[in-house]
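Labels A, B, C and D are assigned to the chains in the order they are written; within every chain, residues are numbered from 1.
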C-alpha cells in the first residue's frame, strides 16, 4: 500500500499579521503540523494556503490528496465558493477531511454538516481535559484516559452539529463548560473528523498527544471502501435488472 | 396546544407546462397534499410556490410555519440561494422540514444533508413496496407491514445521504432495486423527514396510506424542544461560570 | 388519548436499612418520584418494589404499563432473571423504559444495552452541571442551558454504553470529569431513556428541574408507533408476495 | 503488525445429522470458511464447535482470538450461558465478532444487541440481490454495486435489531421482501458485523464475493483502539483530579 497523501490547508493570515501568533508559529500553523506528519513513514505531506492561486487547492492537488486537513479562522469568508464546491465533491468521492479548532466555522465544514456549527467560546487560557469516550475507535489509539491541556480557549455547548456517527472525545473546561471535542461522520465515500484543540496563540500543535490524535485521524480518514457503486455525485437513469411485465 | 402550521411548497411548473401532469394534478401537487392536510383538525395549511415573490417564503411566512413540506423537480436551480439560506436558518431554529420524492435534489435538501443526494432512477411504471423497518417510530403509525404502490418511478441505491438518525422505510422495486425511502435526521433544533413516493404523473399524493405517512410526518416534525440553549445560528463569547485562577 | 400509565419501580432497600437514606426518602425513592408524577394531569401512576411478589411486575402490571421507571443499586442481583426476561419482552413490544442513576448496573439496563454499562464513580458531594447538548429533543424542553446540582455523586467516562441514538445531556463535574448523563435508544418498539442524576442520600428527586426531565421522559417514552409489523419477539415463516418461478 | 487471529465457531450439527447438508459442507460450514481464510496471508485461523469441551471457547482460546466468527442454527439453546457470558466480556474488551445468517438467533448475538433479533423467513430457493448502500465502508471494498445469489433462503423485515452504527447492505428478494443484510455496531471496545447470507443447504460460503465480504469483515473487526481507558467491564471508585472545596 502506498503512502497516505496528506494536504494541510491553513488560511495563514494570523501568522503574517500578528506578532504574537508569529512567535508561536513562525512558519505558520500548517508547517507545525506538517513537521510532525513528515516524520511519519506512511505519509506524504503537502501544504496549501489561502493566498495561493485557487487557495492551493487545484483539481490536480485534490486528485492527489487522500486526506485534507483544514485550519481557518479570520478569513473564512475569503474562501471562494467554487473551491468549497470542489472540495465537497472530492470529499463525497472519497477524500478524507480533518477539520481543526476554529475550522468549525469554515465554509467547507458548514457545507458538509448542513448546520450552523455554532458554539459558545471564551479566551481565558483555562485548563481543558479531553476525555476519551469511545475506546473502540482507532483515533483514540495510544492515548491515556484523557489529554490535558494547561491553557486553551474554551468552546462550549450547544455545538450545532448533526448527531455524530461516533463521538470520540468530550472536553471538561475549568470555567464550567463541556464540549464534544472529537467526532466523526461519513459523507458519501468520504470520512470527516472534527477535532477541537488548537489556537493561534497557544502552542497546541506542538503537543505530542494532539499530534498523535491528528496522525491517527489521517490514517483513519484514508478511503478504503467501494469504488464501483453509483449514486455519489451522479444521478443516472438505469435499466431494470429483472424483467418487467409488458406495459398495458 | 395550538394547531400545527403547515406550509406546503411546490415549484408548480410541470402542472402549468405539461398536459399529462395537469390531468393528474389540476390544481398542482401542493393542492393535492393541502386538500388532505386541511381535513386534519390539528393543522392549519398554507401553500407557497416558486413563481410567487420570494417564492412565497418570506420571513413572515417562515416565522409563521411549524413544518415546511417541499416538492420540486425541474426548477431546483431557479430557487434563489438567499431563500435557501433563509429556510436553512429557520430549520436550524426549529422549523420541521419534509422533503418529498424528487425534492432529494433540491438545494435545501442538499444543503441540510451536506451530500450530493444522488441516486439511480428509472421511469417504467413498476411496482414498489415500502417496508416499515422501524415500528417504533410515530411516522409509521397506523400503517401495515408495508405500503404497496402499483406504478411508480424507481429510485435505487446508492442514495447519497448521511447515515439517517433513524431509517423508517425500505423500498422493494419490481425491476430489482431497493431504496431507503423514508428516513429522519435532526439538524439544529429542526427535524427533517425525507419520503420517496410521489411523482408528477402518478397520482401518488391521493393514495390514503401515503397521505397518512405525510400527516404523521407533520406531527412528528413539529418542534417540541428547548428554546433556551445558545449555539444554534450564533457563536457568542461567554463568561466563565466557575471562578478561574488568577492569571500569572 | 388516555392517560399515560407509569409504573415506578424501586428496589426499596436502602430506605428500609439505612437511617441516613430514610431521612431523605422516608417513603422510598419511588414515592418521591410518584408524588410529582401524580400531579401531572396526563399520567396515572403505580409503584412496584423488589420485595413484592414477582417484584410487583406481574404480566398484568406490565401489560397495563406504558412507561416503566427503574431505580436500583444494592440489590441488582436479587432481581430474578425471569422477571428481567419479561420486562425485556414488554419493552421490545412497546413499553417505554426510563433507567435512573445507579440503575445503569441493573440487569434490565445491561440486558437492553448489551454492554457492561461500567463507568467510574466517586462520592464527594461535588458540584455537577448537566449541559443540554440536543435542544431539538422534547426531553430537554422547558429547561435552561444546563441544570446545576450543588452536591452529587460523580460518574465518569468511559460509560460503557452503545452509541446513543441521540445524546441529550453531558455532565461537568467539579472534580474534573465529564459524563454522558442523558441518552436515548430505541429497542424493538420500545424507547429507552437513561438519566444519571439521583442518589439515595442526596435529595435529587425533589429537584424541580430533575422532575421536569423525568416527566418529559415519560411523555417521550410512551409508544406511538406501528403495531401491525411482524418480527419483534417472533420469527414467523411467511409466504411469498410475488409469484416465484416454478422450481426446476 | 502480526497476523489477525481468527476463530471460526460453528455449532456443527446439521452437517453430522443431515445427509443433504453433509453433501454441501462435508467438513462442516466452519471448514468451508476456514479454507478461504487460511489462504489470506494476514490471518491465522482456528476453529471451534459446540461438541468440544467448553464449546471450544476456553479462556485461552478467546484470549488468543482477535475476531470470532459465529454460525449456529438448530442448537442455539445448547450453548451454555457461562460461555455466552465469557464471549460477551471478551467482545466488550476488544474482540471482533462476526455473526452469520441464522446466527441472528444465537444467544451471543441477542445478548450483544439487547433485542429479540426476530425477522420473517421462507425457504423457496429464490433469488437475492445484496445492494451496497454504504460505499464508504471497508467491508464493501472490492465489490460491485451488488452481490447476486441465485438461490437463497429469504429473510424479511422487521429485523429486530438496534439502529446500526452503519448499514452496509440491503437485500432484494424475488418473492417481494427486503432485508438489512449487513450492518455494524460497536459494543465496548469490540466491533460487531452481522452478515445475512449463508444456509446449510445452499453453498453460499463457497461464493467468492461472500468470502470477500467475510474477509473484509475480519480485517475491519480487529481491534485497533485505546486500551488505557477504564469503565469497560469494571466500575472503579476514583479520586478527584481537580482539588475539591473543603467539606463544610
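Everything that follows uses one rule, which is that a residue touches a chain if its C-beta (ideal position, glycine included) is under 8 Å from a C-beta of that chain, and two chains touch if they have at least 3 such contacts.
If you're wondering where the values come from, they're calculated on a predicted model, not measured in any experiment.
K.L.:
What is the graph distance from chain A to chain C, where chains are linked when they touch?
P.N.:
Tracing touching chains, the least step count from chain A to chain C comes to 1.
K.L.:
Mind listing the chains that sit against chain A and also against chain D?
P.N.:
B, C
K.L.:
Which listed pair, B-C, B-D or A-D, shares over half of the residue-numbered contact pairs seen at A-C?
P.N.:
Repeated interface of A-C: B-D.
K.L.:
Approximately how many whole Å separate the CA-defined centres of chain B and chain C?
P.N.:
Those two chain centres are 32 Å apart.
K.L.:
State, to the nearest whole Å, the distance from the C-alpha centre of chain B to the C-alpha centre of chain D.
P.N.:
One centre to the other, that is 36 Å.
K.L.:
Centre to centre, by mean C-alpha position, how many angstrom separate chain C and chain D?
P.N.:
It comes to 29 Å between the two C-alpha centres.
K.L.:
Touching at least two other chains at once: which residues of chain A meet that condition?
P.N.:
Answer for chain A, listing residues that touch two or more other chains: 129, 132, 134-135, 145, 156-159, 163, 165-166, 174, 176-177, 186, 188, 229-230, 232, 241.
K.L.:
In their complex, what parts of chain D are in touch with chain B?
P.N.:
Chain D reaches chain B through residues 129, 131-135, 145, 156-159, 163, 166-167, 170-173, 176-178, 180.
K.L.:
Which residues, counting only chain A, touch chain B once they are in their complex?
P.N.:
Touch residues, chain A against chain B: 88-89, 92, 105, 111-116, 118-122, 124-126, 154, 156-160, 162-163, 165, 174-177, 185-188, 229-242, 244-245, 247.
K.L.:
In their shared complex, at which residues does chain C touch chain B?
P.N.:
94, 129, 132, 134-138, 140-145, 165-166, 174, 186, 188-191, 223-230, 232, 241-242
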